[in-house]
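Please read the structure below before turning to the comments.
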Amino acid sequence: MIKLITAILTALTTGAIYALMSTALVLVWRSTRIINFAQAGQAVLSTYIGYEITVRTGSFWIGVVAAMIFGALLGAVIDRFFMRPIFKRIQSGPILMIAPVVATLGLLGIIQSIIGFKWGLTYQSLAAPVSTDGYTLFDRVIAFSPFNLLVVVFATVSMLLLTLLFQKTNIGLALRASAHSPEIARLSGIKVDFIRTLGWALAGAAGGLAGMLYIPSSYLYPNAMDVLLVFGFVAAVIGGLESLFGAVAGAMILGFAISFATSYVSEKLVFPMAFIMLIVVLLIRPAGLFSKKKSRRD
Amino acid sequence: MLKLTPSKKRTLFFIAIGWALLLIGDRIGELRQYQGSFVAMYSLAIASIILLTGYSGQLSLGHSALMAVGAYAGALSINNLHLHPAIALVIATFVAGVFGLLLGFGVARLSGPYLAGTTLALAVSLPTLANQFPILGGEQGVVFDVGLPPARFGENFSQYKWFFWISTLAVLIMLWLISNFVSSRYGRTFRAIRDNETAAALAGLNTGRLKVLAFAISSGMAGLAGGLLVMLISGVSPSAFPLSLSFSLLTGAVVTGVYSLRGVMLGGLVLVAIPEIADSLVTRIGGSEGFTATLPGFLVSALLILAVLFAPNGPGTLLHSFKKHN
Amino acid sequence: MTLIVENLTIDHGAIRAINSVSFTVPTGNLAAVIGANGAGKTTLLRGLSGLKDIKSGRATWNDESIVGKRPENLARSGIMHVSDGKSVIAELTVKENLALTGLWRKDKKDVAAATEEVVSLFPILGERMSQSGGSLSGGERQMLAIGRALVARPKLLLLDEPSLGLAPLIIDQIFNTIRKFVTTMNLTVVLVEQNAMGALAIADEGVVLNLGSVVAVDSAENLLKDPAVRTAYLGY
């Protein structure tokens, strides 16, 4: 019984983090039609900023806000001054659809190098604002701490706010319209380029939040979010890259699959499980489990 | 008179290059011999990417993992099966190739970012498997020892020269095989698929099967490169195959672009030169330990971005082929 | 406010899709642009609305050049292009589709009023407000696309083949409605159509395109009577 509860709670926690990362990836995919591999770098750099602010102000929460603001700004800057010029070049040169993806990989390396230059490669620790010791349930300590609860709550609240933004506001409508059909949006007078940059900013903020919520349970170093990028990607693919709902659902499914596999079968199954789920979804329903399309739009 | 068919010409070309390299190898110092071995190894790895990406249009970020597969297979053959190092290298190639074959089946229907993401997942997760299975030696890894040069080469024949000979020979043989393959009927069908998969399929080509074949061959090449890499560092461990290795290879391939022996050597040279350049930059500018360790990666990434941005119509063949494919 | 097109040239890759095309549409007039498939009609509209680059030539609306401007800016200045293929976003509801052209406008009251007018013009939309755009029939989608453009209170309306794929009864309905609101709203309209008969019947003047070049420019009445036009495009 305890095992089941623990497995579920762990699934919720990891799923929450995956959801933030997959949301970031889906936001960029829907607005720009690329997978932004640099997201791992953006998120961890935002976390470093959050870390610095936390150390200086002594408040984790101010650090979170700082990380999110920085993440948003960084995302916007990258879209405006890096991605847009690259897409412009593509029209003219003999360059192609893969170039932007390769460019994001290069950008990932650059960001991680910058981190290495400034902070070095040693592992840092980001202290959590609340206890990371597990709660006690039925006289046993379970692997779910107040901090984990915080993570789940925060991620849930963020996703709800984001959903509200998308469904109930004018900006959200503009975001959705631009994602579905940039041309119709333009013809309706929507400034699609600005909206796209906004999408990148939201993705950057989500990544920064993901980092701040994840790192306290791990270590802070330039490659700290690489694995999360992979999980976020798998989650996004499982859910289908077409909707926020898919991103979250995919993340939850992945979180539960990994959690139960590691709890009940073997601890070593984390990566194999993720990889298996990825391959299975790509083979059986390539568009993702929650996508309305029959095949991938790539 | 001997009739010089293209294939005979090619063979002579490779023999000539091999001879030239061995002569050069005699003249340069041990450091350069060692670096030369790395150039050869990287050239092969880059060639594997070019074959997969440039020739069959599939972008893989997972070649560091494929190299790891070959490396571990080779190491285990020497240590646990007590096989001869030469056989170990062949096994490295073969095992990686089979792995690539299976992987190819899984990803044959993917394209673009999906394929990139999946191979990325592979690159990140595969090395960690070493920690799961004791036989793979965990973080420390296992030893890969090809032994000393045979006595008959004399006393002046150093270990590094031996490395140089082995890598150069292995790479040349492999590249010769591949260039024959590429010029053959198979090579033409690959290019047909790369340029327009729909048309190729309509023309009756089994595009799926051929893409899988490309994956298998590319993986085999990468496996051999992996075996050579760990020979040079005398041991295989997960840290020898970080994600950044995949990125370096991709950069080398993008910088190279051309499908000739000269081409991949350029890429290999670039990859070996970058740490050197980084070192001299550090000596001049000075910097912390973090700076020194990070600079090579920075240069590689910057080079990748520059190559993508400015990949001119010349060496942009790799990307050029992608455009047609996608 | 006149639309003046002078020697407009547009390339589509290696093909000269629009070749030195000239015509004028006075304020409040409806000009029908007709021609066979591939004549370049759609390209012409896409050039006028900013979606396609103009190689050379001039186009002015209200004495201001509209060449080289971004589509969203042209849209905001009163030029609405209803593109072909039923430019409705299937994943959004009817209500959301209609709202798109009003998102950037500051006068929200007027947006609401305009939306009301559109709903009274196309009552079926009012019944389907919360349904997804994808669930509408072809004719309904066309009405939604046109309605969405009208919510922006445009001055120049560029319509690309509104009759495409629709049943004859619906086509009549749509053409009549277009004629009606052009008059009541004092719009200037460029109507691109393969259905030459229907288009010329409601138009003031016509432009005949063939392979990117202008073959004839005349009043709609004259074109309807012209034997060459009749044989080539009207089928009798």
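Brief remarks follow.
Order of writing sets the labels: A, B and C. Residues in every chain begin at 1.
One rule holds for everything that comes next: a contact is a pair of C-beta atoms (placed from the backbone, for glycine too) under 8 Å apart; a residue touches a chain by one contact, two chains touch by 3 or more.
Note that the structure is a prediction, hence the values are computed from the model and not measured.
Chain centres computed from CA atoms place C at the largest separation from chain A.
The chain pair sharing the most C-beta contacts is A-B.
Between chain A and chain C, the centres computed from C-alpha atoms are 42 Å apart.
Chain A and chain B have Cα centroids lying 32 Å from one another. Taking each chain's centre as the average of its CA atoms, chain B and chain C sit 56 Å apart.
Every residue of chain A that touches chain B in the complex is listed here, in rising order: 29, 34-35, 37, 85-86, 89, 93-99, 101-103, 105-110, 112-114, 116-117, 119-122, 222-223, 226-227, 229-230, 233-234, 237, 268, 271-272, 274-275, 278-279, 282-283, 286, 296, 298. Put simply, chain A touches chain C in their complex at residues 170, 173-174, 176-177, 180-181, 183-192. Across the complex, chain A is touched by residues 49-51, 70-72, 75-76, 80-83, 87-92, 96, 99-101, 103-104, 148, 152 of chain C.
Residues 59, 61, 106-107, 109-114, 116-118, 120-122, 124-125, 128-129, 132, 243-244, 247, 250-251, 254, 288-291, 293-295, 297-298, 300-302, 304-305, 308-309, 311, 313, 316, 319-320, 322-326 of chain B touch chain A in their complex.
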